[in-house]
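I'd like to ask you about the structure that follows.
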Amino acid sequence: MDLATLLGIVGAIGIIASAIVIGGSAGTFVNAPGLLIVVGGTIGVVLSQVSLAQFLGSFKVAMAAFMHKDFAATDLIREAVELANVARKEGILALEGRDIEHPFLKKGIDLCIDGHNPDVVAQMLERELDLHIEREETGIRMFKSIGSSAPAMGMIGTLIGLVQMLSNMEDPKSIGPSMAVALLTTLYGAVIANAFALPIAEKLKMILNDDRLNKMLILESVSAIQEGVNPRVLQQSLVAFLPENSRELALEAA
Amino acid sequence: MDLATLLGIVGAIGIIASAIVIGGSAGTFVNAPGLLIVVGGTIGVVLSQVSLAQFLGSFKVAMAAFMHKDFAATDLIREAVELANVARKEGILALEGRDIEHPFLKKGIDLCIDGHNPDVVAQMLERELDLHIEREETGIRMFKSIGSSAPAMGMIGTLIGLVQMLSNMEDPKSIGPSMAVALLTTLYGAVIANAFALPIAEKLKMILNDDRLNKMLILESVSAIQEGVNPRVLQQSLVAFLPENSRELALEAA
Amino acid sequence: MDLATLLGIVGAIGIIASAIVIGGSAGTFVNAPGLLIVVGGTIGVVLSQVSLAQFLGSFKVAMAAFMHKDFAATDLIREAVELANVARKEGILALEGRDIEHPFLKKGIDLCIDGHNPDVVAQMLERELDLHIEREETGIRMFKSIGSSAPAMGMIGTLIGLVQMLSNMEDPKSIGPSMAVALLTTLYGAVIANAFALPIAEKLKMILNDDRLNKMLILESVSAIQEGVNPRVLQQSLVAFLPENSRELALEAA
Amino acid sequence: MDLATLLGIVGAIGIIASAIVIGGSAGTFVNAPGLLIVVGGTIGVVLSQVSLAQFLGSFKVAMAAFMHKDFAATDLIREAVELANVARKEGILALEGRDIEHPFLKKGIDLCIDGHNPDVVAQMLERELDLHIEREETGIRMFKSIGSSAPAMGMIGTLIGLVQMLSNMEDPKSIGPSMAVALLTTLYGAVIANAFALPIAEKLKMILNDDRLNKMLILESVSAIQEGVNPRVLQQSLVAFLPENSRELALEAA
Amino acid sequence: MDLATLLGIVGAIGIIASAIVIGGSAGTFVNAPGLLIVVGGTIGVVLSQVSLAQFLGSFKVAMAAFMHKDFAATDLIREAVELANVARKEGILALEGRDIEHPFLKKGIDLCIDGHNPDVVAQMLERELDLHIEREETGIRMFKSIGSSAPAMGMIGTLIGLVQMLSNMEDPKSIGPSMAVALLTTLYGAVIANAFALPIAEKLKMILNDDRLNKMLILESVSAIQEGVNPRVLQQSLVAFLPENSRELALEAA
């Protein structure tokens, strides 16, 4: 589980909330019609851009940002080198039935065992990767859309509040509080966008990028295993996927 | 029909409208000259960017966002596998006169039946796809243009209102209501852009993307059918176009 | 002539003007120093970015947005099929001296008649197209530059007006009108950008895109004519450049 | 020398200055601490992004925007055709010691004379061009950075001024002038960005683009000269680099 | 050490600080809850976008902006030419054990000594370069994220302050100071973004770009050394990586 994401979002919202509570009168900051405009309007806009299925699936996508299980590149390298060892000694068919954790690596090895041509295997894995990226980008786009719609709805709410206040200024005492209420929707929109939707979109992008790099590593491993490359050479070649300072470890571990 | 889009836009505008009505004095929010500036000005600007034919065609394009008939990728895969089965057993000519629902798939199969070279078929379908995308992007650009012109016209309207108010401030009582009226055009522009034009533009982009993926799936199917690939192999290869969790179903169904 | 562009821009500016006139006191909206800052400043900025020749040529470029003569793709297809017919029956030299309306098509046919190699013809036409696009983009960039400079100059003018007003507030009665005057430059900048410069830039982009598609159609036609492709096959292949619903007509007409 | 750039920038700043002077009390617009924040802060930010050498070199880069010597494409074509004539008649070595004005053309011809392979010559010139573009882009990025930092520093200055004014409002008479002073930094930032830094960045981009086109023309000329292409054919091919309406002249002149 | 970056950032912040101190009442500008919202909220948002390890590593990345050791391209060229000289005279194995300063050059030469194929060496170095760029971009993205989150948090803080002030305006004397406090968070966000985070992001991008060019120079050198290219020819070819005016020196020095 990715603690940093949960910690970060809870922390940011907590800090904003405590600043409100410390300032006293936290009740002033709750305004049901304002919340309705911003949250309801944003949901409406996002719903209109996707299909119903995608909208309902978005919660699962958001969960991914928090629950993302990271496959460490070092573990992948170790596993690939092991597989290469076995394949070189006992032939690629010896890998059949082996327990392989990363599903993309498993899929690649299965294609090899099925006896497909190396070119075909590489092409199928590459397409799988490309299409996976396309699908994930829909989720990212949805959170970006929340991040741009919420402030827009906040502004619309504030404009409505201002017009109502300005067209009815008989009681000068009510001007301040009315304006406070009008500003609330802008605040809601800013918090939803900046402390929730945009960070999640950014996190999903980071996850997708890590995932892409891991899959490129696997693609190369599968090709090498199929061609019977020397496991040590494969390992040497794969460490390029690690940052400079963690290569020593990966080479020792193997 | 794509319920989510209709629901979303009607919902967002409904929420905004009800917030106005609940605040009382909904009449304050209707201002004919303001509406004229924002709606008329935006129409003028968009009209100036396209040809008359494209402008009149835009309503049909907008309808597409609501009425979009989605070809499910699973159905396309099933149909392609069926066609591959027939073609493999009885030859490609046996597909002549068959009822094929997706027009792009039909076109591809027709080209095969006409006896064109596989390279030529692939190239013609690819170009058809590229040119289709270019044409659709004109429609998307038009709604984006509405989405950027409406707020600009709203701001122009507000500036005009402010100048009129400021240069004539003899009656202090009229300042508030005059300013309220001035702000209305900004509100109109924001609503048109954020609850109508930009969501439709985004939806059209999503539709175009789904369509592109379906056509890529078809492109591959047609090539495979023409080359007489084993239907099971074709099916295995096409499931990459589906999200991981719906592949099982597609494989069973076939 | 492209009526939509003229209609659109005149319409948008007309609506803004009538909103001003209806509000009474149209005179308030004319401010010579303000106009000087926005118009003069914008001209200065744009002038500094281009050469003198390009600047003076910009009026001709703007005219193109209004006077653009559209070659309909259907006409181009008909002409190309005719030429292909003649070339196939009587040889390519029979096209010499023929009256060909579209200059790019004429150039392509002339290159064929001169006896250049098909590869050379294609390469020369492609480069001609690429360089044409580069040249046109200079014009587009100029109108975009007007569109971003005018609001900036408007803001500078407003800031100057505000500073002058704020540092001299002895007569409270003059505050309103002074502020009105200060806001005028922002209004000028917004109108110039949104109802004039940006729409023209967008229109020029659309024209360039149509032109590019037409030239790609011609490129393909010239190759086919030179290689003696069957005119019916050429026609079948070129209709991909038309939207789905106008293909029937083009095929009948031929 | 490129008069338009100098004229444009001096003109834009002059118009702004005269609007200030005409408004009386030009002295109000000079505020030493404000200037320090905007100019000093911007210099600091830009300095932090580049090396000391690049920063000091920026003045030379800016000068380039004003002093840019344009090689007319028509002159380059004439010179290339001349060289092609000589090379075809007397061999490429006859070009040794010839006076060639454009340094990139000279370099290309020198490489041919040194007896390098056509492929090697083309590759060296292309890389030279790519690396030249990369280097120039550093200068452009610096002026863009000034253009985004100056308004930011202006806003920071205004915020500081507003906080100082608001926390000390005992004398209501001083509110106006204090606010005027606070707004000055925003004005400084807007003028520096919009009437100086961004236009220069844009101009440098235009120069770089012209330069790139000229060098592409030269690249092609050098290849043709080395391969002994017919000078008339070379000329026909190079006119594609000229706008349609100046081709006649170039063909006659030669 | 890269003095310009330190100088620049310290200078920009120093100028802002001194403007505050000169205005008197520097104490007004310190507000603990405001600082907490902006700094704490920004940390939360950034933390949520990266893994814990990346977040803690960011300080090291920032240090890189200040401590960046620049390998001068001239030194690299000199070293590459030396190596080429030795390799040509005594064979590539003579380079074994030699002291090579730049780690990427060392890695390339080591691969050559290990007897890898030229294609394999080039491919491994290229991938190493690509993956290095991907890794560095994570650091850049983090500082960009600070640069966009800090102003957003600043705005949220100001909105909270305004709502609190407006809903409690009984004492008119407190309005000014309350608003001053509300504006402080916007000021904090603007300073953090514009005088710290964005300049560092920009600097890291510049460093990455220089690094990339140096590594491309090395890539070419290693290929040339392995193929036994004449050292003078190599030198001639590498000077293209230097700006025009420093080539003479590099050629003399060698």
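To keep things simple, chains are lettered A, B, C, D and E as they appear, and every chain counts its residues starting from 1.
In this section, contacts are C-beta pairs under 8 Å (C-beta built on N, C-alpha and C of every residue); 3 or more make two chains touch, one makes a residue touch a chain.
In this text the structure is predicted, and so the values were computed from the model without any measurement.
Student: In whole angstrom, what separates the CA-based centres of subunit C and subunit D?
Tutor: 25
Student: If you average the CA atoms of subunit C and of subunit E, how far apart do the two points sit, in angstrom?
Tutor: 40
Student: Using the touch rule from the top of the page, what residues of subunit B touch 2 or more other chains?
Tutor: Not one residue of subunit B touches more than one other chain, so the list is empty.
Student: Taking touching chains as linked, do they make an open path (line), a single closed cycle (ring), a hub with spokes (star), an all-linked set (complete), or other?
Tutor: Graph shape here is a ring: one loop, exactly two partners per chain.
Student: Can I get the ring sequence of chains, opening with subunit A and turning toward subunit B?
Tutor: From subunit A, continuing first to subunit B, the chains appear as A, B, C, D, E.
Student: Give every residue of subunit D touching subunit E within the complex, in rising order.
Tutor: 33, 36-37, 40-41, 43-52, 55, 103, 124, 127-128, 131, 134-135, 138, 145, 149, 152-153, 155-157, 159-169
Student: For a test of understanding, state which residues of subunit E touch subunit D in their complex under the given definition.
Tutor: Its residues touching subunit D are 2-16, 19-20, 22-25, 28-29, 70, 176-177, 179-180, 183-184, 186-187, 190-191, 193-195, 198-200, 202-203, 206, 209, 213, 237, 240-241, 243-244.
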